[in-house]
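Each in structure tokens, the structures are laid out below.
Consider the two complexes below, in which subunit A is the common component and subunit B and subunit C are the respective partners.
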Partner chain A sequence: MAVIGVALVVCGPLGLILYQSFLSEAFFSPTAHLSVEAYRYVLADAGFHSAFGTSLLVSSGMTIISVPLGSLLAFLLARTDLPGKKWLEPWLLVPIFLSPVVLAFGYVVAVGPVGFFSLWIKALIGRVPWNLYSLFGLILIAGLTHVPHAFLYVSSALRSLDPAVEEAARVAGAGVWRIAVTVSLPLVLPSILFSASLIFLLGFELFGLPLVLGDPAGLLVLTTYLYKLTNLLGVPSYHLMAVVALSIVALTFPLVYLQRRMLRTAGRFAVIGGKGQAFRPLPLGAFRWPAVFLLVLWLLVTVVVPLVGVALRSLVSSWGEGVKLTEVLTLDHFRELWGYPNLVRGIVNTLVIGAIGGALSVAFYAIVGLAAHRWQSSWVSFLDYLVMLPRALPGLIVGLAFLWVFLFFKPIAPLRTTLFSLWIAYTVVWLAYGLRLISASLLQVKPELEEAARVTGARQSLIYRDVTLPLIRFGLMGSWLLIFMMFVREYSTGVYLLGPGTEVIGSLIVSLWGTGALDLISALSVIEVALVGLILFIALRLGVSLHA
Partner chain B sequence: MKIKQKVLLAFVFGFFCFPSLRADAAESSGTASAAQKEGKLVIYSSTDSASVEPLLQDFKSLYPFLQVEYNDLNTTEIYNRFVAETAAGSGTADFLWSSAMDLQLQLANKGNALTYASPEISALPKWAVWQNQAYGTTFEPVSIAYNKRLLPADAVPQSHADMIRLPKEKPDLFKEKIATFDPEKSGVGFLMMTQDAKVFPQFWDLAKTLGSSGAKVYTSTGAMLEKVGSGEHYLAYNIIGSYVLLRQKKDAALGLVLPKDYTLVFSRVAFISKAARHPNAAKLFLDYILSKRGQTVMSEKSLVYSLRSDIPGNITAAGLTKELGKALKPIDVNTEILAGLEQNKRLEFMKQWQAALKR
Partner chain C sequence: MPDLIAENIEKQLGTAQVLRGVSFQLQEREILALLGASGSGKTTLLRSVAGLEQPDGGKIEIRGKLVFDASSGFEIPAEQRGLGLVFQSYAIWPHRTVFENVAYGLRLRHTPEAEIKERVNKVLKRLGLDHLADRYAHQLSGGQQQRVALARAMVYNPPVLLLDEPLSNLDAKLREDARAWLREIIKQTGTSALYVTHDQTEALAIADRVLLLDRGLIQEEGAPEKIYGAPTNRFAAEFMGSNNRFEGKLAEIAGQEGRLEGEGWTLWGQMRLAKKVGEAATGFVRVERTRLSEGAGSDRLRVKLNSALYLGERWEYLFHLGDLRIRVWGEERLPEGEYWVLVPRNSLWIF
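Take a look at the complex of A and B:
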């Protein structure tokens, strides 16, 4: 049932895009007819090939940067006695919930050609030794800002690992580094691989970062190429856009296949203990301070630099070459923002969709997760492919697809102008992410416990309700917190579903972007970071853990 | 003469002298009562919420019975939403108001616009009205924005010819310091450049100069103005003047040049949807933004250059005409601009642009 439900919500928008790609114009146009013209045009376009190549490079580059680094940070924070880790962890998550456009803009203000940090370096050594607007800069920033994605999956898997294995290695005389590379990380290979394929897909989907950092200089990736297709022929060419989107979707198949292949061999090593054994962090010894240095350096480059850029922009009336920052300090932007139409409603809606919507989505993911859990069927592998697909669709097209579904599929049409449609769209798009979080917690529940309940005569639904779900409640709460952050940031998916009354912070940012009110955007982002930070802080204090 | 007689005479005099006024009043009061029954107005617009706020407030004070649902969208979103919603027959905006002149005319030309002769027509320039369906509403000069702090006065281009000459004379100063629209990704940018090419014989020289000075291309006015303000760029070419005015309120370093040889004039185009559920409310709003009162608010409060010639002030058609006279080249609101949507011509233009930019 649940699998059929998932299949429906995924295949609806996707099928529509597939159908659209084989038409001569918009599918709802009365003169549309079947045609492979769109494929012929896109596949023959040199621009498509170079954009695809650039995207491939960016995706691979950022995966190569973020996965090892994220795994290493996960090991340090989850398994070792790294000093100050409790305080550092929430900061790690900032890149997850900050809008990529804002993040990129933060970098421009801080380390762009006339960024305050660049000017400071220039005054010191006479030139700026880096170029933010280069392919290398883009890959580096994309890689560093996706470290948290890898970090989350790997650390959650690490925490459920039986410490006895590492303890054994330590007793046998292995150093921390050796334990990490030869024992702990190989054991959580499934999570590492999953995060790698997810990040690889996210790389193809990047839009805000390349738009701000690459586009002015003509660096085209697939999503900005897609953007070009909305204007290239004067009116948006949906059939061409559909083909480009499908080219990314097509990538998921080899990706998931590869992931499953590698997991088949990795599965043998799975050592997941349900029994609570006292966990003693591994002493880092001589690595202690180098490790702290690494973490702080990453935080500095990935979180502090852009965040300071954004915060600074929210407090000055102008910036850049020849501006003395002390003379332009002001609180006007916050004041002006306060009077902006629909501001409060936008913030409230964002929090509602994040908190309540996020909780409902976690409930849905839990149902699907339970259905697939312990189910030996080829349908489960089908599910593996299925859930990845919506994440492969770029935001520009997924937003349109959801508009079309809610317009032309009459039974759900009345939902379109409510927050509910937005929730459905978000839930579908983050399906892979959420399901993985749930299944990570489910894997910790040893089958014996459920079997014990079954022996006493409990029905399956009762087992789930009284045994499985209570056992993974902390996992569910952690998932909720992460989904909350995703939903707070998500925007493009819902761009065509939003209207007066259903504004979110993302739509306010886009509206402000139109006139270039970057000062107000920065002020809004500062408020967003503060609010989400506060909620994160409270949740963590209340005992919600980010880990299963 | 007794007072009563005086009043009566004045009344009769007025009645005969302003027949049109009388008719309009009667007609629009009819529209108003019909609109009152509709009770609501749905607008899709690319004019941002903050800048439109004074207009909406004033409109609501005139017609307090109308609930106005204002959707602040970008031009592509307006188009995408409108065509899909119309095809699905599930209700769409009553009033579409967008900077994408070509997309708006495309929609009107395909029969999506309601024919409605606004009583304000007589006060509008001929070029601003297309078949009583699509209306130009603003008179916005396409300008050059520059950084006063960093660009020396003698290097500030005053004309399109200067835009070719100065970067050639001072290549170091202008290297990577010019920003402009990316015509490939921005419909508005494309429209302005094709108009440039029409009016200005040396346009392709200008494009090549942009290329050789390493100009950067953008999809949003905002990003360009921000970077001109910071000095990452020194000047931005083809910026809609109204946006510069809004920005100048906050950043005194921003300068505005209206090129002396010719200044393109761009107009946000509005039409009432044929499928409107609240057509009378939409008529009221169209009449309002074209009225003397609406246009005055537009110029004085929203800082958008108004279209009517009978509004005094600087941010108005009259003000611009006084300053630039015949150099003003309005982009006509008619189907001629649809030539730009013709596929082969369009791709040819893009190709030439790419070659000029040498990317």
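Take a look at the complex of A and C:
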């Protein structure tokens, strides 16, 4: 049952995109017929070629920036006596929970041509020494904001490394940097490569950053090219969008497959320590404070600068050269929000889909996870492959596909304008992440605990009710909080499904960006960041592990 | 009627043939130990009886009721076999109190609440756990957890109690006390028990009968005294206890006895395998049966002391005779030199 459900929500939309790509017009047009016209048009379009090239550059560039930096930070935090690491570590993961479109907007108002920091620097040295709206600016910011992804994978691999291999190098006379470069990092090379392929993949799915930062310079990547295509021809050019969507999937799917292969062989290198024994962190010596400085600098640039920008922008009536900050402070933008019913609905909807939708999604993931749990069947590996698919699908495309599903299948069409359409798209987009959270909790349940119930006389359903679920309830609650955050920060999936009744903060920001309503965007962004911050705070207080 | 009959159980795990046709019967009130090294298949056999593994071949009956038959594909799932199983890791449910852990099996059987209370308290009292009823697993010591696991498996009077290395997670000192206690409890209850262990002392002490498993086959079967004191199988002779080993040729056979000969030595022993004069053979003798002797005589060898190790409760001497290595236990330090060692012909088994 669970497998069929997953197959339906994953394959249905993807099949529809495939079908649409071979039509001459949008599928609802009475004159639509089978053809490869759409492929011919897109593949010959110069705009598509340049978007493809830019995507490739951005993906490679951000991988080159984020993987070494993320690995270095992982080593510092997992293996050395870096001062204040307990306190610093949660902050390292914060960018994962921030909406890229909010971050991008934050950079615009903080270090854009007339941003707060740009103008302060200009007042100091007479010019702005950087240009945000450039390919390099985009790559740098994409790279810096994806450092946590590399950090996550590399640090969890480093933590499972037997400290004795490093101690052996120390005893043999190696210093801390030599140990990092010649022992620790080479031993976790599979994880480093895995994170590199993941970040490279995420590069093709970038949407918020290139939408906001690439726009003024006329830079288009594949996703923003797809987005612009919507408004390009006046009539819905669904067949062309389907082709672009498929071309993105054609790039991402092999990468997902490659990662799967890598994960399977990752165990080869691992030197797993037996008992998680206490070990003495490697002393950084004179490098202690430079290392802290590096970490804090990264945090400043990646988290503090954009967030301060957004917060300040939401509190000023106007900003530009010669404006004094203290004279323009105001709370008007937040008051203004309440005048727009769609924005108010957006805030309410965001909370509803995060809290209630998130809980329902976790319930769905738990059902799928339990179905696959300790079930020896070829269906499980089929399920494994199914779950891979959504990982290759950017939220933008999943949203588009579900829009089409709700237009195409008439009986469910009325659901399109309800939060249900958004919820099901969100659930598919976060399927792989959610299942990973569930299986991480299930892994904590030793099989004997369930076997003991079986031998005592409990049926499978009773085992789940009396043993498995009670044992993972804390894990489920943690999963709910994480999914809650992800659903609140989600923006791209709702872009195509945006309509009266389905507004959420993220997609509203994207659509407002087109109108240039900076005041409203900044106020909405602050509300979203505050929401995410609040949940993150609760999650950390409850001891929920962010390492998923 | 036996409580448990297993016939010709076979099990393949991956490429390994874990069980190659194992048959045994468990009589009423009997404690049967499955003894073997890791990888011998003993735990797989126990889990097959419990229904947690599905054998590829064979038949299992519990109190005359068929629960598994590979030839017809018949299988009663684990939860309907009504057995009690004590896990090596105890597997106490951490989210339930001791009382609720023990009561669970009765609740599943829709026992009235008043009766549950009475029976759980009775079994807890018997195992000395009555004061811990409201505790959780993490508040218990290893020995207490082990008793909770036993109480949980016993409370609904299963026809057969299965125990998977129940003492192996206890400290050595505690384990020695628990041996006697566990046998007494099982005997009092009057249930039959299948007891898996890799510890031969434990198997010999607790069981009425021992099955020695190796590589998926039963090598030897019998009462503890027979398994240890009169093995009929070379694996059993070598696996149990500490042994001295003599590799040589059969020089002479006289009735049940044979004379084994090697370079510079010859010894009489009991023939345990049909062999002809001139064939290569191996003799085994338990170290504790090998003794120092005052002077020359029959069944004696002239040997040179190589080293002596102090083991606390005794000394262990290592003697050389050409290529032969002979260990003997004694009570005092021995000066260097040559000695006579007695290898009684009744205690030397020739295979």
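We take it that the second predicted complex is superposed on the first by the 315 of 548 C-alpha atoms of A that agree within 3 Å, B and C clash if a C-alpha of one lies under 4 Å from a C-alpha of the other, contacts with A are read in each partner's own complex, and residues count from 1 in each chain.
One rule holds for everything that comes next: a residue touches a chain if its C-beta (ideal position, glycine included) is under 8 Å from a C-beta of that chain, and two chains touch if they have at least 3 such contacts.
Here the structure is a predicted model, which means the values were calculated and not measured.
Participant: Pick one for A:Pro470: touches subunit B only (first), subunit C only (second), both, or neither.
Facilitator: second
Participant: In the superposed arrangement, does A:Gly499 touch subunit B (first), subunit C (second), both or neither?
Facilitator: The answer is first: A:Gly499 touches subunit B but not subunit C.
Participant: Mind working out whether A:Pro236 is in touch with subunit B, subunit C, both or neither, as first, second, both or neither?
Facilitator: Only subunit B is touched by A:Pro236; subunit C is not.
Participant: Determine, under the contact definition given at the top, whether A:Ala217 touches first (subunit B), second (subunit C), both, or neither.
Facilitator: First partner only, subunit B.
Participant: Scan A:Gly514 for contacts with subunit B and subunit C and give back first, second, both or neither.
Facilitator: In the superposition, A:Gly514 touches subunit B alone.
Participant: Which touches a greater number of subunit A residues, subunit B or subunit C?
Facilitator: Looking at subunit B versus subunit C, the one contacting more residues of subunit A is B.
Participant: Once chain A of both complexes is superposed, is A:Arg459 in touch with subunit B (first), subunit C (second), both, or neither?
Facilitator: A:Arg459 sits against subunit C, while subunit B stays out of touch.
Participant: Which of the residues in subunit B end up touching subunit A in this complex?
Facilitator: 46, 48-51, 53, 69-72, 74, 76-77, 79-81, 83-85, 87-88, 90, 102-103, 106, 149-150, 179, 182, 184-187, 190, 216-227, 229-232, 243, 246-247, 250-253, 340-343, 346-347, 350, 357, 359
Participant: In the complex of these two chains, what residues of subunit C are touching subunit A?
Facilitator: So the residues of subunit C touching subunit A come out as 50-52, 77-85, 87-89, 91, 93-95, 104-105, 108-109, 152-153, 156, 162.
Participant: Note which residues of subunit A are touching subunit B in the complex, please.
Facilitator: Touching subunit B from subunit A are residues 26, 28-29, 108-109, 112-114, 211-212, 215-218, 224, 227-228, 230-236, 317-323, 332, 340-342, 400, 403-404, 407-408, 413, 416, 495-496, 499-500, 510-519.
Participant: Provide the residue numbers of subunit A that touch subunit C in the complex, in ascending order.
Facilitator: So the residues of subunit A in touch with subunit C come to 446, 448-449, 451-459, 462, 466-467, 470-471.
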